[in-house]
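The next block holds one structure in the form of structure tokens; read it before the comments.
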Amino acid sequence: MSTAKTAETDVFTRRESAARSYCRAFPVVFDTAQGSILTDIDGRDFIDFLSGCSSLNYGHNDPDMKAALIDHISRDGIAHGLDLHTNAKAAFLEAFERHILTPRGMGHKVMMTGPTGTNAVEAAIKLARKVTGRTNVVSFTNGFHGMTLGALALTGNESKRAGAGGVSLGDVTRMPYENALGEDVDTLQMIEMLLTNPSSGVEPPAAFVVELVQGEGGLNAASTDWLQGVARIARENGALLIIDDIQAGIGRSGSFFSFDGMGVEPDMVTLAKSLSGFGLPFACLLIKPAHDIWKPAEHNGTFRGNTHAFVTARVALEKFWADDRLRNEIALKSQVLEERLHRIAERLPGARVKGRGMMRGVDVGSGDLAGRICAKCFDDGLIIETSGAEDEVVKVLAPLTIPMDQFREGLDILESAVESLPPFAFAAE
Amino acid sequence: MSTAKTAETDVFTRRESAARSYCRAFPVVFDTAQGSILTDIDGRDFIDFLSGCSSLNYGHNDPDMKAALIDHISRDGIAHGLDLHTNAKAAFLEAFERHILTPRGMGHKVMMTGPTGTNAVEAAIKLARKVTGRTNVVSFTNGFHGMTLGALALTGNESKRAGAGGVSLGDVTRMPYENALGEDVDTLQMIEMLLTNPSSGVEPPAAFVVELVQGEGGLNAASTDWLQGVARIARENGALLIIDDIQAGIGRSGSFFSFDGMGVEPDMVTLAKSLSGFGLPFACLLIKPAHDIWKPAEHNGTFRGNTHAFVTARVALEKFWADDRLRNEIALKSQVLEERLHRIAERLPGARVKGRGMMRGVDVGSGDLAGRICAKCFDDGLIIETSGAEDEVVKVLAPLTIPMDQFREGLDILESAVESLPPFAFAAE
Amino acid sequence: MSTAKTAETDVFTRRESAARSYCRAFPVVFDTAQGSILTDIDGRDFIDFLSGCSSLNYGHNDPDMKAALIDHISRDGIAHGLDLHTNAKAAFLEAFERHILTPRGMGHKVMMTGPTGTNAVEAAIKLARKVTGRTNVVSFTNGFHGMTLGALALTGNESKRAGAGGVSLGDVTRMPYENALGEDVDTLQMIEMLLTNPSSGVEPPAAFVVELVQGEGGLNAASTDWLQGVARIARENGALLIIDDIQAGIGRSGSFFSFDGMGVEPDMVTLAKSLSGFGLPFACLLIKPAHDIWKPAEHNGTFRGNTHAFVTARVALEKFWADDRLRNEIALKSQVLEERLHRIAERLPGARVKGRGMMRGVDVGSGDLAGRICAKCFDDGLIIETSGAEDEVVKVLAPLTIPMDQFREGLDILESAVESLPPFAFAAE
Amino acid sequence: MSTAKTAETDVFTRRESAARSYCRAFPVVFDTAQGSILTDIDGRDFIDFLSGCSSLNYGHNDPDMKAALIDHISRDGIAHGLDLHTNAKAAFLEAFERHILTPRGMGHKVMMTGPTGTNAVEAAIKLARKVTGRTNVVSFTNGFHGMTLGALALTGNESKRAGAGGVSLGDVTRMPYENALGEDVDTLQMIEMLLTNPSSGVEPPAAFVVELVQGEGGLNAASTDWLQGVARIARENGALLIIDDIQAGIGRSGSFFSFDGMGVEPDMVTLAKSLSGFGLPFACLLIKPAHDIWKPAEHNGTFRGNTHAFVTARVALEKFWADDRLRNEIALKSQVLEERLHRIAERLPGARVKGRGMMRGVDVGSGDLAGRICAKCFDDGLIIETSGAEDEVVKVLAPLTIPMDQFREGLDILESAVESLPPFAFAAE
């Protein structure tokens, strides 16, 4: 525990629910943030390799978004507008159309769901069930899709599922992700046999819900072949393909969508986290027009369409996705990241690098070891977290816009932390 | 459809999902808002009797919250902090403790759930199931609790439930709300008999989830006696009492909590909508300490704890709940509202006034009639919506802070709209 | 425990599952049975007021059925024929058509389900769901419909439901039976309001499943008015009416069907228990032809259509239902039974007579007291059991064919047992 | 359609539900049966290679069972005794203990469930859930376990599952049977990885339910290695092993239990079909004593313990399982069967022999072809049916006691039927 325990932390102990979590690993009180740096109330700076779990892909308080948001508030722009038409929403939709959808030939409609990823996922599976008249949904081992009951049924993590308190998390069939059964097992073949055998007992699915890089599940990354296989199997079995791009999207895995250039056309795409660009709550569901059979308000919610987020998201789209600069920057940093992580992994017997783009990490083989590495990093001024079924992956989620020197500095801290481990740390595993 | 259909509206047609709804009834494009007035891009003003469905109880862009938020953003205050400790969160918790919890002797913990009401409800029922080891949850006829699968199972509305696409909305027992079976039927007696008869087939419940004024279900308001009866039955049957105060709370029904002064101690309370004070996405769950058995991150989410909302919520608490001024103002306006609605109801055969505090309306007997009244109001510059199983209640949700002259002006528009109806409008019912 | 514990009982202790139950209340080893008399291996006779829980309405080993069955076996008649055509089945169907269906103008098809009541109930609800495309089924407080998961979900009894081991018993809405909420509450009005209010949260049901006398639930008997009300509500709401006549049918409540003469036409009727006439496993489902949309073998089972039971059931139909003699006999004995039970009830403060026809009992107010009465009867040579949510009803299920002197003798034993109770027995309640 | 359509068949058309099935393939009316021969009302004999789907392993109307049953009935032995102690039940239990359980060192308790296989399966999974406090149950592709909702959820067959009418068949995880994903995929490895990965999303199971030869699913036979692997995985994951021996047990696959000699100790075993020996409805569940935690009557039913079946089952045990004669006879006939089926399979391109013991068949590659073979057999005096997800396996289920000459005669008819097929029959596949 840090010595920063002040009057402010007391109120957390007194009044905040035991469900709080990140604050336990990083026990200081934060005050401000700019770019890739978080600063606590004692003025100590931390390099941020967590980025709000990929909600701050453009860093903290981007000056252009900040200026636009202050301007919007200053002129009494709508803050809360239900799903009324606002010029802020129109501007967001137009930017999203111009910079994202049209260049990709995507005719998708944009559904403003409640401003959380789990809500977008819930909307997606509800709609897939309506469209197909089927109830079963396929999700994958190590998938993470949210905490509300419908999304939680799709989520694989045992400790999260325990939160349901014994309610059956039904109407979902779990299939093995690529390589989940070992690199020699073709999971597509298995999925296909289960769906085509009429006595398999697997109900014809309404949809497949898949992440292309499993952000919480250990940074497993699907190959283009595997994704195309899933898309083909879905199509041939009358099921929709839903790509959950909440963590891997918005540039994190290399391009705006994680599936860019992979030759698939998802029926639906969920977006949240970095969608607002500024870390504001915002989520949406992209829907192929033929599937957009919602009746008005059939899935509604008070905060669907966060107007402040429309403002910052528009700026983000115009600033970062009107040309290839960010994509090129990500490519460059991804290469740096990959090389450094391989070097780090070499120091750890059995460790291996996982992930894609700026969403990579090192599987160090045990959650205990990964936790100790992250704790050492924090002591040294770096905020970094773990991922995976056993929290065994040290995961780097730096802002995509992080200056190269800060990026290297953060990686140096990580490497030092690994180096500093006593030899028995590995033996203990 | 308004003639305001401009370039901006086109993008909605092209790109926004068919799930959008309010914008269909109010087909203009809004630009700014201040206090009780919404202004569209053509400069036309509308009095707001919708208040973001009770998310804007203090009106739009309150100047003190606005200043504090701009200041926070300007100085690079944290925008997104996961559930890390921040001084903004501490200040909110302290204000909430000082102005709300401590004066009521409430020891409750505050859980920052995902920033939507439905997420707070999901967290509540998950926790109640964990605490009790039971899966069944009692909810009430005409209750509305959200759109994600767990909350949707609690929601009574048929068209919302249809959105689930045929999935079984299980583990919920529906009980009749006060007067739901007619004023002569004691629904408490019925509930109690069903729970105490061991062959009733009703599983012992983990919790009762109840709204004290059913905001979407037609402004049915529970009496103190009935609520105390529900609390007693819950307690005697080992079930928790969860009050969903998302729409009726934060002053809307007369005091901060809808249950203030009714002599019950809910085990959990859900808050959202006006909690941020500014219309920003924010929700929390209040939990009696003994029930706060969450493991860290057992219910998590990227946007739990919206830092901008902490800032505005703190200002709202300090400005409006440090003394009795707002409560007295609400009492006064509630009386005005009640009198005016009675006068209006007298013009409509069979109509009756429903609700409590600043959450009242007129049941005009049919959704078609109510819809025509609201449409006429919109033409005359007033935004007002319906509620109820058949949308048969014209519902007034004016800002609690609305200046009296604007309040009367809005009520005048409503009364004129009713007066303007041709006589056959009633005959048609 | 009886002193009859012999070598034979040892094997029960050693090898029979703890699920066994009746043998605990009647701890002797039975050998033979004829008419209304059971005889144990020590030659002791017992009058049978249990009748295999209404499976032996014609008494034990009826001589005509016995002769026919021995003849069938002797000539190598089919014993097991799956659902192949056999002349034994044809003869049964013809007798059932001639004596039961045609006189009542019932066009129903006969489905040979697995030979247990629970299987007939499962078939009924599966078919109702297929026919209507709805999943919800309405069942009633204190209803008992079987132990397999689908039927168990309809069953109200808490201890039976506990056997499911925590699985959600879903897709059922529980409604209060007539008088379940007190004699002053019109449960039909409540049911109707819940089904017609679109925000009640009660899904439109596929079917209502109802017993006209609740055999296990405490001998609650529905009135003609109430049944007609249920039938009307079902019809108006697009739901099927399924009468579970497993315990109350085959003469038990006065006529062949419990609903005879009540002016309703059930869409389906379940029969089992006394259907074979001889106590052999046999069940069927009667289905209005329009609903008989099963595909071949869509609900199948190895023992559907027990050929031995076809033989005895045919004899039973021809012997007892070709004319009015049995019905008149039941009417006469019912009157005797009612009078005697009223006399008995008068001896017990607060006791009341329940039931209909030859399916009546005395609610003595506590399961403990009822159990002591039954135990005393057993000591005195009468086998009789309890019913009800708390086992608080002493239930008389004598064979319909019991000779009047044995019937009176049994009732005398019961009356003596009540008389013999020490005064504190009642005070203790 | 046979010319045997007489008055008797008319009543089937008029009055029997469309769910009937076998009678459609064998459209005659049967009258008597003895040993391996069924005789129709016109006196035509058929060799029975169906054996009541393995319910008549000792043939029809075995003379010793027949004599004992007639004797029992003649002396007014109990026909229906609920679960009271009877000497008939004691004699059965003692014989079962002496000839089956004790020689195998099995301490199992015997639970008399309702007299259908599906009821025994329902009891098994209810108990496994109670014992473990878990709800998930693992069943396998192509498994068949019954038609009531709990058992149907375990059953893989799509058309059977459709009978549920859209109800979710939940709380079951489907795993691939041995070789279900091709002979090169180790399904055990997959099962183990899914159960040991805490983020797989597969809930820890209460039990594995497995058939060692899948009687309805296409005669897939598990190897000893695979079964031991399943047993080990179950044990290591805290799950019970339930062997469903309803079709493969009672000698059908070579020994009394299908798992004899395979080195596993199932926690529970379901038995039905040939358990009575005479084709009478009878089922039971064998339970390891430590798991027999039922409360009295917690799973009950009117016909649990069919007394007539106790009588015949006892004779069957004493006659056939007191020594090794039947087992040796089965071994000999199994060899004959295997050789003949291989010869037959050689005539069909791509055909292969499947199954074990006297439970074998030929996978001819299409249900259409298999159906034509069976139809030709019927014309030639042999009753034989298909199995498999596509009904693509011609399945031989001759009585175990069939005289060798009749056995060969039946196999000759089968071989001729295959020979008689025009060459294009195969090409058409």
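Chains here go by letter, A, B, C and D, matching the order in which they are written, and residues are numbered from 1 within each.
One rule holds in what follows: contacts are C-beta pairs under 8 Å (C-beta built on N, C-alpha and C of every residue); 3 or more make two chains touch, one makes a residue touch a chain.
Here's who's who by UniProt: A, B, C, D = Diaminobutyrate--2-oxoglutarate transaminase.
Note that the coordinates shown come from a computational prediction; the quantities given were computed from them, not determined experimentally.
A.B. asks: Quick one: point me to the chain whose Cα centre is farthest from that of chain A.
C.D. replies: Farthest from chain A by mean C-alpha position: C.
A.B. asks: Turning chain A onto chain D with a C-alpha fit: angle in degrees, nearest 5?
C.D. replies: 180
A.B. asks: If you list every residue number at the chain C and chain D contact, are more than half found on both copies (same) or fewer than half (different)?
C.D. replies: Counting shared over all numbers used gives more than one half: same.
A.B. asks: With centres defined as the mean C-alpha position, give me the chain A-chain D separation in Å.
C.D. replies: Centre separation, chain A to chain D: 49 Å.
A.B. asks: Express in whole angstrom the distance between the two chain centres, defined as the mean CA positions of chain C and chain D.
C.D. replies: Once rounded, the distance between the two centres reads 30 Å.
A.B. asks: Quick check: how many Å separate the C-alpha centres of chain B and chain D?
C.D. replies: 58
A.B. asks: Which residues does chain D have that touch at least 2 chains other than itself?
C.D. replies: 135, 159, 166-168, 170-171
A.B. asks: Write out the stretch or stretches of chain B touching chain D in their complex.
C.D. replies: Touch list, chain B to chain D: 166-168.
A.B. asks: Could you list, by residue number, the parts of chain D that touch chain A in their complex?
C.D. replies: Where chain D meets chain A, its residues are 135, 139, 141-143, 154-159, 161, 166, 168-174, 176, 180-182, 185, 189-190, 193-194, 197-203, 217-218, 388-390.
A.B. asks: Which positions of chain C touch chain D when the two form their complex?
C.D. replies: Residues 8-9, 11-12, 14-24, 26-34, 38, 41, 50, 52-53, 55-56, 60-61, 66, 69-70, 73-87, 89-90, 93-94, 96-97, 101, 109-112, 114-119, 122-123, 125-131, 133, 135, 146-151, 153, 159-160, 162-168, 170-171, 206, 246, 272-273, 278-281, 285, 287, 292-303, 306, 308 of chain C touch chain D in their complex.
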